[in-house]
Each structure stands twice: as structure tokens, then as C-alpha cells.
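The following pair of complexes shares a single chain, chain A, combined with chain B in the former and chain C in the latter.
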Partner chain A sequence: MKQVLLLILFVVLWSSPVFAAGKQYDLRVDGLACPFCAYGIEKRFSKTEGVANVEIDLKNGLVVVKTTDGKSFTEDQLRNIVKDAGFTMKSMSENSLGK
Partner chain B sequence: MRLKKLTVIVFVIVIMVLMSAVEAAPITFNTALPVAKDEYLFRQQFVINQSGKDPGNLNRDRTAITAVTTLAYGINHKFSVFGVLPYQIIELELDMAGQRVKRDNSGVGDLSVFGRYIFHQHNQPGETFRLAAFAGLKAPTGDETASDNIGSLPPAVLTGSGSWDVFTGLVLTQQTLAYQFDGQISYRVNNEANNFEAGNLFRLDGSLQYRLWPRSLESGVPAFLYGVLEVNLVNQEKNEAGGINDNNSGGTRLFISPGIQYVTRRWIAETALQIPVTQNLHGTALENDYIFRVGMRFNF
Partner chain C sequence: MRKFGSYFLIVLVIFAVFAYLTWFPSPLEPPYKLIKIWGEKGTASGQFNDPTGIVVSEDHVFVSDARNSRIQVFDFDGHFQYEIGTSGSEAERLQRPMNLGIHDAKLYVTDYWSDQLKIYSLGGKFINSIGKPGTGSGEFNSPGGIAIDSKSNLYIADFLNQRIQKLTPQGKFIRQWGQTGKTGILSGQFNYPTDTAIDADDNLYIADGYNDRVQVISPEGEIVHKWGGPFAINIFGPFNGWFATVTGIAIGPEGNVFVADFYNGRIQKFSSGGIFLNVFGINSAESAHTAIAVAVAHDGSVFVADYTNNQVQKWVQDEK
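Showing the complex of A and B:
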């Protein structure tokens, strides 16, 4: 019985936010109109500490940024990274990534 | 002396090469699209310039093959700097004293550096409009005094002009997911070196790139295949030799340049053929047959 309780406790802890999960930011970016230019944004985010993955949907002007565990960005930080690549961030939404 | 008139062709080539930049965009000139901050772009282009229509009696036939290496760096999202270095192989055949003579030369050409500033941009979903100004300097890094067994080579066969020249211009870009339009106006001031001064150069360029494939966009970042049609109007003033105008140099050329461009996230492959549709040149200045371009650009 004690072993079962320990196992349940372990599973609960493992799946809980005690281990800080990463974030997902969905960015609406204006000015994205060709694959070669889109890579400029991808490079900027890839070089940013704490970014685990970047995906771009050219058709919808969507840039999805996933961070490593415990890392988060402010809206201004994201806006500046997009700006440095030569584009304009119009809006963003933020979600926690479940462990 | 008449061979100096061929420098018109040399400078047309050099200008066309130097004004090419590295973003996804026109094949024969610049664009106003951004280079991301702290990022590099690299371009390697090969240009074959063939001129064989000689209105004079020397029956000149000139071929120049140029490998143009371009590196761009984004200082910030508005300002980028470019370095352009050509390597040229030039061959000129002509009738001289009743014989067919070949004169040739090869080597690194003149280095150009320029800056480009995007002073206006308007971004919307899936499209962008930008205006940029650029200005630069051409340094005399090429060989300006080469000779062969006949004697000193004429400017048309030299890889360098020997002069420090300046150029400036404006470029606009309207880019959407379906097409892109670029337009450019530019002017170059050529200076004197070795008792010779090539005529100043004015250019007006336009480019339309239309997405042929994929016909409809899906998610992600698919590669694009563009059909390209460009127009290049090039006007050069007369050269000066020893302070005297050369009446067999300079004039106006108009090129129509169909091409194709395959654009991926990290590289671009492209080719275009510049076909002269009108050449209103002074005196016996040598006319172009065609200019062929093939190259790649890399985003790294």
C-alpha cells in the first residue's frame, strides 16, 4: 500500500507545475510575405536564449514560439525580436506548455 | 584609342553587378527588403556578358565572365551594409592591322561597399511596402594597368578602373504572398584615373516576380517558384580621355530580362537573361548581345 501511495505521489508531482513548464507564444506578424524573409525571424528567435522551437505559418502570418522550461518573455521582448528581423508584431497570445 | 570606347560595356557590367543585392527579390538590381539585425546573407552570382555587334570596322567581339560575391550584414532592422567583390575573366577579339587579335585578362575586380537605409515601411498581413535609400563607394582594387605582348590593355579588358567612384539611389519594394514588385533609380559618378574617366551612369529598373508555384498556399513555409520579368534602362554619358569627350562612347540601353527564381527559407536559386531591346549608343560604341545571370543566395 505504501508503495502504491509513493507511486501516486511521484506521478502527481511529475505531472504538476512544480516542474515549471515552458510557454507557447502565438504571434501575429505583419509583413511576412516570402520564405527567405521569414527565415530572418526564425533566426532571430533561434538565437534568443530560452527559445526551444520556432514555427512559422506564412499564409496566416503566424509565428509560434515555444520556450524551454521556466523561460518566459514579455510582450515588449517579443515585439522587439520581431522588429529586429524587420517585421511588425500585431498581437500575441500566451499559453503554458503542459509537462 | 578606339578600344577605350569599349569601357562603356565594362562599366555597364560593373554597375549591373554592383547594384545587385542579396534578398529574395530582383535578379539584376537591389531591393528594399530587410536584412535582420546581426544576421548575414551571402550571394554568389555568375554573369556572362556577350557583346559582338560592332558598328565600327574592328569587328570586336567581347566576352566577360564575372563571378560576383556579395555579403550583407544587418546593423539593425533598417540599416544594412553590403560588400561586393567581382572576379572577372575578360576576352576581346578584334581585327588589328589585318590580323585577328585576342586580348584577355582575369582577376579580382573593384570592391564596392554600400549602405542601405529603409526609411519607410508599412507592414500588413501577408504584405509589406518599403522604401530605401542606398549610397556607396567603389574602390580601385582591380588591376588597372595590365598589359599583354601587344602592349597595355585597353580599359575594356581591365578588371579595375583605377578610380574611386560613388553611387546612390532609391529603391522601393511592394511584396505580397502572390507577387513582388521592385523599382529602383540610381546614379553613379565615375572619376578620373590614368587619364581616363568613364561617363557617369544613370539607371532605372523595374522587376515583377509572380508566384507560379505553389498555386495555393498551405500551412508552414513552403518554397516558392517565381516567374520574373525585369526591365533595365541604362544611360551612360560619354567617356573622357585626356579631358576630351569620346564621341564613340556612352548612350542608352534598354533590357528586358525574363527569369526564374526558386525561393526556400535558407537559399534561393535564380537565373535571368537580359536581352537588349534598344541600344541607342554614340558613334561606334560596342553593342550588347545578351547578359546571362545565374546564382544562389544563402541565409545563414
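Showing the complex of A and C:
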């Protein structure tokens, strides 16, 4: 019985945010024409709580956002951050980051 | 009916000739040649991580090394001398420097990240900073470029606020051009302005970034001229006199205007009135982002910040 309880506790903890990995969001952004605007989006995300890293691929109009462990964003939240930086998010994909 | 057809054809031919001469001009002077390149990606002295701005003094080249949060200073042959903005208090250090200006032995740096204009001696001693984040008068949202007039007034391309601000030398607001936060293609409106330059008569030249044009403002504050593609209304392209995202602007010793044409990977040279004179740049297999900023020395040498290759290019013109 003790072993079953330990197993349940382990599963619960493992699935909780305490052990949750961060997320990676690949955002397609319209009008990402030069470093000036790329920096604008990078600046906005870097001041957003829970963002660990932002990389910009100008050539492909791609913004890659990695979050800290356990932090996630909704599509609307990401769309609004991009909009606040003056641009339009065209699409996004989400992946979990491995521990 | 046949007579009308002939007139129409003549008008069409005249228009085609006019359009060709106006919108597809040829260089009017000898070409420029590339005589020196220096730099590579990295963090050591002489290496860059996103060079985004450049300006020259009498004998030095100052380069904004954006992701390394510093200005690097070189002699005209590319030998590293010293760096600026990496020591002292947080207020004295640079974060993401962009286009630069020099006036009265001072270096003016637009710091995109801190939303401030930071001022140093040419030797690198911090003097003071101007502005803070915001949309109000005298505040900035990602400043991208700076020019200084003969009275030491400041003209700042306030990139994300979509305006040009004129401030006193102490940073007090005088006036602005463009509506805060609103883009537009009419005269006096801007679409992500990136840089400014001032000529000897205090005319202000503005790199109107995503409008793919240059706008000129007289010392009295009136928009007097604009150019860049047909009608200068955000029609971009690869032809002479057209732009594809303007990211830097500088005035040469003879009053000519040099424009960094980012997506076309080249510098275009114009008369002060906007007549196309020359074009030069290097092609890159990776992309065309090989000219993001430009500066012109007193001897006419042109220095270009090459974003893609993390380098500085030095160009001189063939004998006229």
C-alpha cells in the first residue's frame, strides 16, 4: 500500500508544474523586415514574465520564444504581445522543451 | 478615330520615356570600389554581433555592435582602438545601440533597449542620457537614429512611436513630425522611421524605413521633398532610386545623401535634391542584408555596416 501511495505521489508531482518543462513557440510574423522590428519583438518578449529566450529568424519571418519551466502562453496572449510590438502574428506552433 | 489613336500613342511613348528616365535612372558618376573589409561574428575586439550603426569623426570609425552592447572604435584602416559603453554604472552602459551621431566632439547613441539617447565624449567618457520609455513628449519607444543641427538641437527617429522628435540640446521637447503611434504614407507621416541626418544648412533628411523613401524637412520645419520609387508612396523595388527598407542615412562632404537600402544590400547616393547619382554594395549568398548603416568621411570614403556578415566595408570612388 505504501508503495502504491508513493507511486501516486510521484505521478502527481511529475505531472504538476513543479516538474513541467518549458515551452517553445514558433511564431510566423508578418512584416518582419529588418533588425529594427525584430528587436522590437525581442524587446517586448524579453520584458514578459516567463520568457527565457527569444530568437529571430529574419529571413523566414520566424520568432522562436522559449519559456521558463512550467510557463505557457495561450495563442491569444502571444498574438497580443506581437501586436503590442506593432506586428501581426500569422500562425504559431507549440512544442514542449525536453528536460 | 485614327487621329485620336495616333495622339494616344504619342502620349503613351512620351510617358514611357519620362517614366524610364525618372524611375529607372542610370548612375551619373564613376563607380565606387570596395577597398577594405574587417570584422567577423564574435565578442572579441574587432568582432561584431549585429553591427547596426556607423559614424565617423576626423580620424575614427565608430560602430554600433548591437548584440554585444557596445560601440567599437577603429582607425580608418580597420584597426581596433577602444570600445565605449561597456563599463560604469547601468545608466552609463549601453544595451542595444543603433544608429549614431557625432557633433561638437560628442558621440550620440540611440539605445533601442533602454529607450534613451546616451551621450559620450569621443574618447568614451559618459556625459549624460536623455529621455525615458513612453509615448509622451521627450519620451521614446525604441529610438533608432539621431542627427544634430548647428545649434545642437537633436532630431531623433522614434522608431515604434512613428515620429521624429526635435529636442533642445538638454532634451527638452520642441516639436515632432508624424502622429505618435500612427503610420502613414502622406508627406510628414512615417512608417517606422529608422534614422536622421542633417546637412550643412540644417535641412533634415529622414530614413522613412518601411515607407521605402527619404523625406526632407527644411530648417523652418516644412516637408520640402521626398523620394524613393514612383511618387515616394511605399512602392519598393530593386531599381536605381527605389528602396526596400531604408535603415540608415548620412550626408557626404559635398552635401550628397547616402542611403542604406537594407533589403537590396546596397548604398544609394543622391544629390541633396534627390537626383540619383550612384549605387554600390556587395552581394551575399546568404541574404541581401549587407548594408544597414552608412557613414561618409571628410575625404569621401564611405563606411558601411554589413549586418549579415558582421563586418565593416570601406568604399572609395574611382577618379572622376
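Everything that follows uses one rule, which is that the second predicted complex is superposed on the first by the 81 of 99 C-alpha atoms of A that agree within 3 Å, B and C clash if a C-alpha of one lies under 4 Å from a C-alpha of the other, contacts with A are read in each partner's own complex, and residues count from 1 in each chain.
Rule of thumb we're sticking to: a contact is a pair of C-beta atoms (placed from the backbone, for glycine too) under 8 Å apart; a residue touches a chain by one contact, two chains touch by 3 or more.
Here the structure is a predicted model, which means the values were calculated and not measured.
Student: Taking chain A as the common reference, can chain B and chain C both be placed on it without clashing, or not? Answer clash or fit.
Tutor: Superposition check on chain A flags a clash between chain B and chain C.
Student: Which one hits more chain A residues, chain B or chain C?
Tutor: B
Student: Quick check for you: in the superposed arrangement, does A:P35 touch first (chain B), second (chain C), both or neither?
Tutor: So A:P35 meets both chain B and chain C here.
Student: Return first, second, both or neither, reflecting whether A:K83 touches chain B, chain C, both chains, or no partner chain.
Tutor: Only chain B; A:K83 stays clear of chain C.
Student: After superposition on the shared chain, which partner residues are touched by A:G61: those of chain B (first), chain C (second), both, or neither?
Tutor: First partner only, chain B.
Student: Could you tell me if A:K43 is touching chain B, chain C, both of them or neither one (first, second, both, neither)?
Tutor: In the superposed model, A:K43 contacts both chain B and chain C.
Student: Kindly list the residues of chain A that each of chain B and chain C touches, one partner per complex.
Tutor: 31, 33-37, 39-40, 43, 58-59, 85-86
Student: Can you list the residues on chain A that touch chain C in the complex?
Tutor: Checking each residue of chain A against chain C gives 31, 33-37, 39-40, 43, 58-59, 85-86.
Student: For the complex, which residues does chain A have touching chain B?
Tutor: That would be residues 28, 30-44, 47, 55-61, 83-88, 90 of chain A.
Student: Which of the residues in chain B come into contact with chain A in the complex?
Tutor: 23-24, 33-39, 74, 76-77, 118, 121, 123-128, 175-177, 180, 217-224, 263-266, 268, 297, 299
Student: Which part of chain C faces chain A closely enough to touch in the complex?
Tutor: Residues in contact with chain A: 50, 52, 66, 96, 98, 112-113, 142, 144, 159-160, 192, 194, 209-210, 245, 247, 262-263, 287, 289, 292, 307.
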